[in-house]
Amino acid sequence: MLMRDEVKAAAEAILFTRAEPIPLEELVEILDVGLLDLKPIMRELLLQYNQEKRGLQIVDTDNGYLMCTRPEYAGFLAGMRPPLRKRLSGAALETLAVIAYQQPVTRAEIEAVRGVKIDRIITMLLEKNLIEEAGHKPVAGKPLLYQTTPEFLKVFGLTSLKDLPVLEEELNV
Amino acid sequence: MLMRDEVKAAAEAILFTRAEPIPLEELVEILDVGLLDLKPIMRELLLQYNQEKRGLQIVDTDNGYLMCTRPEYAGFLAGMRPPLRKRLSGAALETLAVIAYQQPVTRAEIEAVRGVKIDRIITMLLEKNLIEEAGHKPVAGKPLLYQTTPEFLKVFGLTSLKDLPVLEEELNV
Amino acid sequence: MSYVVALEAFHGPLDLLLYLIEENQLDIYDIPIARITDQYMAYLSDTGDWDLDRLGDFLIMASYLMQLKSRMLLPKSPLESRDPEDIGIDPRDELVRRLLSYKRYRQVANYLAAMEKGDTARVFYRQPEAASRQEELVADIKSLVAAYKSLRQQLKHSQQQLDIPSGDVDVNAMMSQLMLRLRQNKRAGMDFRELLDAASNRRELLGYFLALLELLRQHQVKAVQSDHRAEIRIYLRAGNKNVNA
């Protein structure tokens, strides 16, 4: 059985290593502690990270805890990224935008908005792990549904889908 | 110009983002502060990390500062690494061992130690980015030299080559 | 030998030799070459068909061992002293050195394996953010939102223009409409293009075209083109019984 401080330290190590949000339930499993024991420890760790003036933070996202840098220091970090940076094409960005705001959404629904076939773009977005399959829509033909991934949040610097800006006007077309 | 606390926070964010050791000189450049100003700030950051009982540490390696987990928590982290990585064969590990201790080293020198041809293993290790070419040995035939990569340190949980255990006995037969 | 381990299990000839030495609890500094050579050869002859590349490495060691064995059998030259300081001339020295060196690295390999698995205390680096460091995706939320907004705008416009008609297109009604328009300017007739402009969607377009073909077939109208690049003009046919109706 781990001491309270050890649990906190181990949780910190786990959050550091993992570049994606990690659900509380998974932490419970890895650390082999009770959920009720872990919750206050995590609260303490979060406070510790988020009170002080430091370069890192721990965010409690929909998908779990995520250790990441504070936005204030983005400027320094952008400069040291590896040189081979790829931008998404306009077509890919549009497709991703539709998926982000309308998820889960079928290929046909995206094509209806964009007015073009998007087979290749869907494949590319799946390969880049920006979107993933999200089951089948219960309509004729049972088309596949797509949704964005945690990787999508990471690439766009969001901590959760709630961070997506609310559109000025929800269009009622 | 950044405040002292901001420099420290930014350095922390940089160490976090960079999954490899980062030299002091590079930090100086990214943060745009003087070397003499940065040194005590880094010392403070290291103290802060390394005094407290926590899951992370900052190590001052030959190649620069490295933020990594504390060895005590290896048990929790071993299980949650990406499953994609295939375990290295015994033959591959032996080859890596020779390269790690004798680098830079030629293929023939490794073959002499292991007593087997290693063409395929060298190719595989190069592909996995565990070793890299390190110029040519200035002898007849100018054979290629090989050395380990930062990825090698990462995979085996070493902060620098100095972490490799000292070989039991230096042989004088 | 009590049991045999397949040759494939060994990483190379030195691995096999070390195994034989350990199995027989031999002193690595005083290897009975004749015995070890025989055992080594037995392993090789037990081996079925496998990778010739690898077998080659084992055969090289076999010939080395045979040579060593024959050298051991030769009587010592009288010049050789029995002084223990001179053990450096033992023909086995080279083999011992290689075995010990290899053994060290085999131990390191085991250490590395344990480190990789996380069985020993080790540090962990942070996982790289992107799947591959070589190709990092950069994007910002502003461009994503902008893309979505402009799409919605486009959609709004295009939906206004391309409202899909609910009912079927009535070709008969279109024939009547066409006749009406042609009667209104019977001398001048009308351009084929004007006809197309009247359509507000593809189905209507098709309807007008079918209506025109039908009217042509019924000889109610005629289509005239002065040359192949000129506009096609459509006129009411003279003598059409409805002309002056």
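Going by the order they are written in, the chains are A, B and C; count residues from 1 in each one.
Just so it is clear, a residue touches a chain if its C-beta (ideal position, glycine included) is under 8 Å from a C-beta of that chain, and two chains touch if they have at least 3 such contacts.
Everything numeric in this text was worked out from a predicted model, so none of it was measured.
Note: the chain lying farthest from chain A is B, by mean C-alpha position. Chain pairs A-C and B-C differ in how many C-beta pairs are in contact, and the one with more is B-C.
Mean C-alpha position of chain B lies 29 Å from that of chain C. The distance from the centre of chain A to the centre of chain C, with each centre set as the mean of the Cα atoms, comes to 25 Å. For chain A, the set of residues touching two or more other chains reads 13, 16-18. In chain C, the residues that touch at least two other chains are 124-129.
Per the touch definition, chain C reaches chain B in the complex via residues 11-14, 53-54, 56-57, 60-61, 93, 96-98, 100-102, 104-113, 115-129. Against chain A, the residues of chain B that register as touching in their complex are 5-6, 8-14, 16-18, 26, 30-31, 53-56, 67, 69-70, 72-73, 76-77, 79-80. By the touch criterion stated above, chain A contacts chain C in their complex at residues 13, 16-19, 81-82, 84-88, 90, 93-94, 96-98, 100-101, 113-115, 128-130, 151, 154-158, 163-165, 167-168, 171, 173. On the chain C side of its complex with chain A, the touching residues are 124-131, 133-141, 143-145, 147-149, 151-152, 154-156, 158-159.
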